Every structure is written in C-alpha cells, then in structure tokens.
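Below, each structure is written out as structure tokens.
Both complexes below contain chain A, partnered by chain B and then by chain C.
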Partner chain A sequence: MNESLLEILCCPLDKHELELEDAEYAADDDEEIVDGALSCSECGERYPIEDGIPNLLPPDMREETPA
Partner chain B sequence: MGVLENKARARLFYKYLSKVYDQVNPFIWNEQMRSEALSLLDLEAETTVLDVGCGTGFATEGLLEHVDEVHALDQSEHQLEQAYEKFGKRGPPVHFHRGDAERLPFGTDTFDVVWSSGSIEYWPNPILALREFRRVLKPGGQVLVVGPNYPDNVLAGKLADSIMLFYDEYEADRMFKEAGFEDVKHLFQGPSYDPDVAITTIGRAPE
Partner chain C sequence: MTVVDPFESDPDEYDAWFDANADAYRAERVALERALPADYRRSRTVEIGAGTGRFAEPLGISLGVDPARSALVRARERDIESVQGVAESLPVADDAVDLALFVTVFAFVDDLEATLAETRRVLAEDGALVVAVLDRSSPVGRVYQEQKDENPFYADATFLTAAEARSALEDAGFTIERRLQTVFDDPSAVEEPDVREGHGDGLFAVTRARPDR
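Showing the complex of A and B:
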C-alpha cells in the first residue's frame, strides 16, 4: 500500500486515525509499504499489512476459517 | 437467516466459489449489465471510487474504463487473489484492502462514488453497510448497489430465502431510505432470458 493511503484509512471499529508501525518499504519505491502494521490511536487495535495489502478486517473476522 | 449470512460460512463458500466465479458470473451479471449500471453514475477520470466486495474484480475492471484509480475492498483473500492477477497487487490503478462492508476502514466524506455489485446478499445487516456507505461518501456522492431481485416464483423464493438475502424494489427503497440516501431509484437488469434477475439501486448522500 502507498503511504499516502493513511490519510483516508481509519480504524473499522471506532473510526479513529491509524498509526503506521514497523513499516518496511519496497526496494524500488520508498512510499510503498510492503509490511508492517496499522495501529488505532484510540483503541490500540493492530491491523497487519500483509505483502502490501492492509488487512482491516475487524479482529472477529480476521482469522481464516480452517478449510 | 440464510446460510451465507454467517460470515465464516460465507468465507468458506467463497474460497471454493472463487475458483469458478468468473466462468459462472457472466450468466447472471454480464458486461452489458455492467455498462448499463456504469452509465447511471457521474464518473470522470479523477472521481474517487470505492468498490465494496470487489471479489475477483469484474466491476473494478468496468470502473477503470471511466476512472483512473479504484479503491477495492473484499473480506476474502481467495477472491482477491484473482483480482491481483488482473490488476497487479500494488496500486495504482487499484488500491486493495481487506475489510468488512459493515465496518468500513475509511474516513468520513472520502469518496465521490461507492459501488457494490453481487455482495449485498451476503451482508448480515444490509442497512448497517448502507449507512457506512453514506458515511464514507462525500455529501452529494453517489451510491450504486447491484443485488439479486426477489424471484416471482414461490418455490424459487423459498429456495432463495434459505440461501441468502434477496429483496424487491420496495424492500430496496426502504433499506436505502433508512440508511439516509436521497433520490433513490431502481433498475431491473438481466440477460434476455431472465431480464429482471438483478436489481440495481442508485442514490445520493445528502448535500
């Protein structure tokens, strides 16, 4: 995800701002985040960035069902 | 309560459905229906669009014929994998997010247009999701939702109820107005052999 997307993203639970943590950037683009987490400035919930895709599913939906 | 309204079941169902989805999909929601729905929206290159329940990216592809970039959200990584193959995982043109339609991870007044096709039938509480659409839309922004029209046939209706949410024009009208949308209009769409299989609803967030 591009770092500029932080401006429009928010916590899906309480809609407060997200803070970027432990960010790793793409080798060829210093604004492209490939790994890290987004953490809610209010409730502290952490949302992982997995292979560049922010996983903003609320925690109760985050676990994949065993198939 | 249909079986797919349980989100865990929906995820499992989609994991398998995604393997054949784009082969099956054109029979119920094809390019002509997509173009017709797209023509209902005010789209320019710079328009900011959110595609909720983008799945394998069929609608996203149509939206990109009109706008430069699309924000796409889905709960299922298996559906998204198919979309990544079409557009690449890194935006632009498509910025992908995993998330829940009823609890959107976007700020208030963010998008000019919110689109969702073939997703509403799986939301446990459609009005919650529609209220979220209104929240993330800029004032005066447009919403467009394509869902399955309620079958006329009684037996098909019972079958439909057991699987997922279907709704008719009156129910759609009630849901969109309860969610706070204005200028709510409906269009029935479908292939020639089944011309009203889908119901497309458009509306506007209040100014």
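Showing the complex of A and C:
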C-alpha cells in the first residue's frame, strides 16, 4: 500500500486514525509499504499489513488470530 | 459481507467469467462509465467488494476494498490499492471519498442497511454512489434466480430487483440521479454494447445516487 493511503483509512471499529508501525518499504519505492502494521490511535487494535495488503477486517472476522 | 468462500478459494474461476463473456463484460463497463459522475478526484474513489479489480481497473478506481484476500492479490497486480475489509464496517474515514462503486455486491452483503449507512459516512457531501445490481426481475435475472443454486458464486447470493435497490438507497438517504441498464439476453450471447435508460429489462441495472442534502 502507498503510504498516502493512511490519510483515508481508519479503524473499522471506531473510525479513528491509524498509526503505522514496523513498516517495511518496497526496495524500488520508498512510499510503498509491503509489511508492517496499522494500529488504532484510540482503541489500540493492531491490523497487519502483509504483502502490501492491510487487513482491516473487524478482528472477529479475521481467519487466523495474529500472534 | 461474510459470503467470501468461493471468491476466496477460486479467484481464477471467478476471473474466467469475464474472459468467457467478454462482450457482456464490455457492455457492463460501458453502462458503468456512462453512470459515473462528471467530476471527482481519482485519488478519492473506492470500489467496495472490488474482488479482482475487473471493474476498478478500467474505470480508474484507485482503492479496492474486499473481504477476500486472494482476490485482492489480483487487484493489486492491476495497480488497484487493495485493502481487506467489509462493507458493513468500512475502514475508510468520514467524508474521504468522492465516488463509491458497488458492482453486484448488494447481493452478497450481510446487512445492506449498515452498508449504505457506512457508504454515506465515507462519501463527501457532494460525492456520488454508483451501484450495479443483477436485477432479479429482469428476463435474464429470473433465469439467474432459478439457476443460482447450481453456481458456486451465486448459491449464497440474495439477488435484489432494481426497484428494491432503489428503495434501499432512498431509505438510506440517497437521491437517485441516473438509471441505466444493459445485458438483455444471455450474457454469452451479448454482442455490441446496448445500454439503455431506465430499469426493468436489463440484467445489469446501474444507479447513480447522491447523499440527500
């Protein structure tokens, strides 16, 4: 995901802003995040970013529980 | 929006429909293009239930939201920003979107009322919503309804009529601006794109709506 996407994404639960954590960027694009996490500035829920796709499903709909 | 299983397990087969029915797919794209509003910022567009990005890509939609991760991997290959999420609980900020698109997705959401409330929340005041439904009351739609249990992608679908979609939009606080339809015969038999005003005859019924002031 492009880092600019953070401006329009939010926590699916309480709609507060997300903060980027542990970001790893693409080798050829310093704005493209390939791995990391988004955490809600309000409730603290953590949403993983894997292979450039953030998983912003409500936590009870995630298939596997993140470690 | 939990009906993801066939889409999650089989994005190839889902994608194959578009190649097998290239002319119907083209007619659907033409209908959607004509329904798009005159001005919006491309960076502020989202398709909800974007799947593999088959519509988002040609229509220039920048962000795709879908619960099925394997479909989104395809969408990303089509240069669509891809986010896993559900329509009833969108991970998109208030007033952040100029154009929201739903293509045949109303048949798959768990809660259409919540979906439309969320869409209103994310749309800017002067934003627009474009919705396509497979109209159950159209001639081809009646065949789809009869045969849906035999199709892995449609067995769990709840097809609406175009009129039901319109009522749902109006009840959610939207004003209908434009109605278009296409696919008047079996999708495999469609030739030149034939897009007409109104609803009732075409399988693919497109509506543009805006939030009430």
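We take it that the second predicted complex is superposed on the first by the 63 of 67 C-alpha atoms of A that agree within 3 Å, B and C clash if a C-alpha of one lies under 4 Å from a C-alpha of the other, contacts with A are read in each partner's own complex, and residues count from 1 in each chain.
Assume contacts are C-beta pairs under 8 Å (C-beta built on N, C-alpha and C of every residue); 3 or more make two chains touch, one makes a residue touch a chain.
Quantities reported herein were computed from a predicted structural model and do not represent experimental measurements.
Asks: Given the superposition on chain A, are chain B and chain C in a clash or a fit?
Replies: clash
Asks: Does the superposition put A:1 against chain B (first), chain C (second), both, or neither?
Replies: Both chain B and chain C are touched by A:1.
Asks: So in the superposed three-chain picture, is A:32 touching just chain B, just chain C, both, or none of them (first/second/both/neither)?
Replies: Once the two structures are laid over each other on A, A:32 reaches chain B alone.
Asks: Where does A:12 make contact in the superposed view: on chain B (first), on chain C (second), on both, or on neither?
Replies: both
Asks: Would you sort A:56 into first (chain B), second (chain C), both or neither based on which partner it touches?
Replies: both
Asks: Return the residues of chain A at which the contacts from chain B and from chain C coincide.
Replies: 1-2, 5, 7-13, 15, 47, 51-58, 61
Asks: Under the touch definition given earlier, write down the residues of chain A that touch chain C in their complex.
Replies: 1-2, 4-5, 7-13, 15, 17, 47, 51-58, 61
Asks: For a test of understanding, state which residues of chain A touch chain B in their complex under the given definition.
Replies: Chain A reaches chain B through residues 1-2, 5, 7-13, 15, 26, 32, 47, 51-58, 61, 64-65, 67.
Asks: Would you tell me which residues of chain C are touching chain A in their complex?
Replies: 2, 43-44, 63, 67, 69, 72-73, 76, 81-86, 89-94, 96-97, 121
Asks: For chain B, which residues count as touching chain A in their complex?
Replies: Touch list, chain B to chain A: 7-9, 11-12, 15, 71, 75, 77, 80, 89-91, 95-100, 103-108, 110.
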